[in-house]
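One chain, subunit A, links the two complexes that follow: it is found with subunit B in the first and with subunit C in the second.
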Partner chain A sequence: MFSRAGRNSAGIAVLLAVVCILPFIVRPYQLDFLIFMFINIILVVSYRLIAITGEFSLSHAVIMGVGGYASALLTLHLPISAWISMPLGGVAAALIAYILSFPLFRMKGFYFLIGSFAAAEAIRLCWVQFINPFGGYRGLRQIPVLEIDLGDFLYIDLGAPVPYYFFALIVGLIFLVIMYRIEHSRFGFVFHAVHHKDMLAQSVGVNARRYRTIAFVTGGFFAGIAGAMVAHYITAINPGLFGLKQMLFILVWVLVGGLGSFAGPILGVVVLSIIDESIRGLNELRPAFYGLILIITMLFLPDGLVSLPDKVMQGVNWLRKREDGDAPNRE
Partner chain B sequence: MTDLELILQTIINSLIFSSFNALFAVGLVLIFGIMQVVNFAHGAIYMVGAFSTWYLYSENGVPFFVAIILSTLLCAALGLFMERVLFRPMRGNLFGGLIVSVGMLFILEVLSVYLFGQGLMKNITPYFRESWHVFGIESITVAHSRLLVFAVATFILGGFWLFMTRTRLGWAMKACAQNPEAAALQGISIGKISMLAMVISAAMAGAGGAVMAPLVRITPHMGSPVLITAFIIMIVGGMGSIEGALIAAFAYSFFHTFVTTYIGGEIATILGLVLMLMFLIVKPTGLMGERESV
Partner chain C sequence: MKSNMTRRNFLAGTGGVAAGITALGATPSKVFAGENTVKIGFLAALTGDAAGWGLPGLYGVEIWAEQVNAAGGIEMGGDKYRVEIISYDDEFDAIKATVGAKKLIFEDEVSIVLMLGITPVQAVKDFMTRNKMIVTTLVPTDISADAPYLFALSEVHPFYNVTAVDWIGRNMPNIKTAAIATQNDELGLSSQATYRAAFEVAGIEVIEENLFGFEVTDFAPVVSKLIAANPDVITWDTAYPDYVNLLTEQAYLQGYKGTIVNCTLDQYEHILGKTSKDFMEGFLWQFPDLDDPIMQGGDTHFDNAAAFYKTYSERYPGAWTAVSWEYAASLEMWKTAVGKAGTFDPPTVSDALRGLSPVPHAFGDAEWWGESFFGINSAALGKWPVVQMQNGKAVIVEMGDVRAWMDKHGDVLIKHFKALGVPTSA
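Up next is the complex of A and B:
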């Protein structure tokens, strides 16, 4: 009846309508949850941008923190609006990612994994150690919020949940489109190439390390902005926000959702966040549920949640074949 | 305390610290060598060892050494479970083992919070109260419970070394680490060897936790800093290389203890991480690593 494209765009339109109405019908604390979900979506999609080049980094949470700290420090110590400091936070994160890429991309596989973790931990410990300017364990406080101030004409305080919800939604959508375009550009194809056919790509003159660095820096930029978005919303950040746990959550979201497709990590964040929210009553037991879901997914759906429909279809076909009997085999 | 005495004291502290680090890191490296799994739950097993020692000895009055042995056995059983249920189906899946071990880390930490509560201080009344004065010098003291760490770590590592060099099973294990396919062709069961390796590794972490229990604060998250140290040791030593891990454990522990004594703990960790990165720029496969994985 409808073409596939037509159905897809109709679906997206419905989804957008729901997302736009949502902030007015949910409870306030659920609004916070949705805002963090949008920020986390930016985070995982930017992580996927790095991971499709074939290297799993464990520094993403700290790179995100670099963006948050940089943007917060700029607004706290200089007369700069958060509108300018947020992109600068992203640039700072990209810069740190670029510096880290020199030692890190000499390594591969597990060396890279652990190396990136160690490098990130060194940065995080610097935030703990150097109380001036980073504030130590207690972190930074009273970070200015975003505001739209056009004099008498218009004033919106983006520190409030509903306006910030729309801000996060719009920024998230724009970033998703940009990152989707990057992945489907020539760059994106090379990212895939250096993952799946590393040697072949190098033999036709692709500098694999250079492209990995580009992916790492680009992903770092978006993560940095996500970090700045966190900082200017909750107005207080500390090193604990960007520790190993946060990094492991990113990894869980990406891998449970499915690294293989663009939608996978997004699905991972949405599904796991909703599950997490619905078991809010369990409090300290929540990470164990995460762990359980993680293990079950890896055991039964190694390609992530996005492969669930395919798996179900396979199962249905298999059952159907059994019902038909072994007739085709006897021919 | 004179300068010389301080140096002597620091050297002794470093030795004890490195024996523990070596014990912990060798377990981690063993698993990576045999199964290609970076076990994030290794620190959690250490935590389980410490918790069960505390629970048995302090809460239920089980004799100290029996508690240590029981805790070690409990952790070995935990390792057996993890190999059979989690790591075996993940064989050949490069990051699968890592991910399920992260899941296990979450579960074990939450379980300990659930069973024993988070905030309460879990103090163990020390079994040994005396200290040893090195060379009879009054100002250099080593508590006997710290000597126990050194003794247990040396004993287990020595036993492990004998096992690896003197027994056929040990050779089989080495063969599995070097070339699993060739080992399988010689009739070595990789499944059995993996199981044994995981049991040994978990027992090492558990025993480490048990003997460290009277010396550290027992919390559900006590494994993370130890695991980070072990990662540094593992990667500087070369992944999968036990000799490398031993050398790196000594080097890192001496460095860390001296910097901690003379400057400060956080700085020591930061400098350690930075030195590790610089070392890897020069030699990206670590001290003893030959092949680059992937």
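Up next is the complex of A and C:
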């Protein structure tokens, strides 16, 4: 028999093999769907990094946009490669997150939530109002794509779906590993501590505000990179891409997937994105159907989709016991 | 009475319904086995805030396809081709539009893509150009010299808004002052620039303007501020359909007695119900009902306009909007070009479209226009109706000549476009 760790490693290896084969068997538009799914995975996991400190921010989508706008503007107006501008976009997003942290972390709970929304709207309205340089509602167009240009030796246009798929996959995996390591480092344990045992942590000398700021800025950096990845793939961005709708999707993915575990938000993005796309043919009925799925999930899986295997196992065990005649009646 | 519904039964039932609906959605709505078929892509918002300018258009396109198929289909090279509409809900979102564009072009292999405009069009513009795909937009400010396959075939928003103001200037000489309110976005701003220019040309002074954000949900203060300036005419510019309803209702509730002129008045039966027939009498806007006598033959180019309107109204009661016919009207023009080109190949049809002179626009003969504003003649500009509410019904009072107005006063419009930062290559 294999150990649990062995089974997990084997599962990850099979999953990796599948995602490496996928771009060669799926259709072009499905490839785009997968690319945006990878980017959204980075987004939700970075959001969870903030949420585990106990604060729900409504500014994450706009912070993502800061990264997208910064990277796009750098490549449009300066002779800078997208390879350089993308991390700089992440730095810009982290910087804005850091600046926002000063007023925002003077608040807690509901006030923090509303404060983060107001701050995000202020930034988004700047993109709308200042046509130069942000392009107003129309946004920015003809944003350069990523290229690997080694002259005659090698040239890869990463704007094409297959190369970008692998780029998004690799970046996504690296970021997931980094964020996983952060959560399981001393920092990560303190993040959890300031959420669940705020007063206790402070009583032993932990500066809760400082750690919340670190999580907010770190999450902002990864979100900013995700925004830059969107910008340099679709080559056109506008304020609408990073608005409240996107923010609500982030919340839904995280909460439906399950905030309690690292895999929860990832599962939320994957499952809900696939459901949303597969019912697109329903046209105007789609939001109602999608809403129904969300309600059912929240009703029966309050810990998120990630708790589904445990629920199934509980059900199986209960059935086995009932067959044996020693299970209590559940109805 | 005790319910027999257990959690398991509920889940099983819901799952069954869900599976059924999903299967229904996955099943192609039309299958033409063994027949020649031409596919048409519809890439616009079918859900969300902008659905009001997408979904009614899809209904219209489907009715148009039924009518064309009932008549045997589109003739090309001696063969008849049935029309199949393939829609993709872009949710008025750049990312969804990008994904949808690839699906329609690479997977469905459509011959033309119908779009609403602005954000989604800007997102896919370069991709569509690279793939030489004909795209239609309802917003001519989308067109640009670097997108030769992008056309504004049926709608020349916001330029046609000048015709109603021009009509006011000639027929209502007592109107001397105007006030404008609309949402602060590209549609609102370009339309605001147009109304400013039209009022200036008509000798009407704009005394109050209010650009509100999308966060506004209470329109009472917006309307109060406008009415306080005591304007002779108010316009909601190109406000979104829901905003037009709420703003008009507020004007009614606050006792406004002057004239209202607007770009659209979608589902006006609903607004009539919220206000009164007396209040709405004389309301001016730009989009007719296609059963209007002026739309039946004559100089117009929309086959079976009355039958189209009748079918639409019966199938979707109270759902008639500005865009109900527009996407279909674009297809009428595309069909003419296909006939000339003898092929569905998009670049060849694009050339044939550009070769049409006059352009057979739904409201009459038009010409290609746009170079002075956008660097390329890709918008069909000609006549546009001035519609007035008369006894609870939309009536065309005049076919205004947008082209003539633009030739004469285009410089005034460019001035206001620049003042409001609306993109133009002029």
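The rule is short, and it goes like this: the second predicted complex is superposed on the first by the 312 of 331 C-alpha atoms of A that agree within 3 Å, B and C clash if a C-alpha of one lies under 4 Å from a C-alpha of the other, contacts with A are read in each partner's own complex, and residues count from 1 in each chain.
What we mean here is this: a residue touches a chain if its C-beta (ideal position, glycine included) is under 8 Å from a C-beta of that chain, and two chains touch if they have at least 3 such contacts.
Being a predicted model, the structure only gives us computed values, none of them experimental.
Considered on the superposed subunit A, subunit B and subunit C are sterically incompatible, since they clash.
When the shared chain is aligned, no partner comes close enough to touch A:62: not subunit B, not subunit C.
Contacts of A:125 after superposition: both subunit B and subunit C are touched.
Contacts of A:182 after superposition: neither subunit B nor subunit C is touched.
When the shared chain is aligned, subunit B and subunit C each come close enough to touch A:292. In the overlay built on the shared chain, the residue A:103 is in contact with subunit B alone; subunit C does not reach it. When the shared chain is aligned, no partner comes close enough to touch A:93: not subunit B, not subunit C.
Using the contact criterion defined above for the overlaid structures, shared-chain residue A:70 touches neither subunit B nor subunit C, since it reaches no partner.
In the superposition on chain A, A:115 makes contact with subunit B only, while subunit C stays out of contact range.
In the superposed pair of complexes, A:238 makes contact with subunit C only, with no contact to subunit B.
In the superposition on the C-alpha atoms of chain A, the part of subunit A touched by subunit B in one complex and by subunit C in the other spans residues 121, 125, 128, 284-287, 292-293. Contact residues on subunit B toward subunit A in their complex (touch as defined above): 32, 38, 40, 86, 89-90, 93-96, 98-100, 102-107, 109-111, 113-114, 118, 224, 228, 231-232, 234-235, 239, 266-267, 269-270, 273-274, 276-278, 280-281, 284-286, 289, 292-294.
Residue ranges on subunit A touching subunit C, taken from their complex, read 27-29, 32-33, 36, 121, 125, 128, 131, 136-139, 141-142, 161, 230, 234-238, 240-241, 245, 278-287, 289, 292-293, 296, 300, 331. Of all residues in subunit C, those touching subunit A in their complex are 6-7, 11, 14, 18, 21-22, 24-27, 46-48, 51, 55, 58, 87-89, 92-95, 98-100, 102-103, 106-107, 118-119, 122-123, 125-126, 184-186, 213, 215, 421, 423. Those residues of subunit A lying in contact with subunit B across their complex are 54, 56, 102-103, 106-111, 113-115, 117-119, 121-122, 125-126, 128-129, 244, 248, 251-252, 255, 284-288, 290-295, 298-299, 302.
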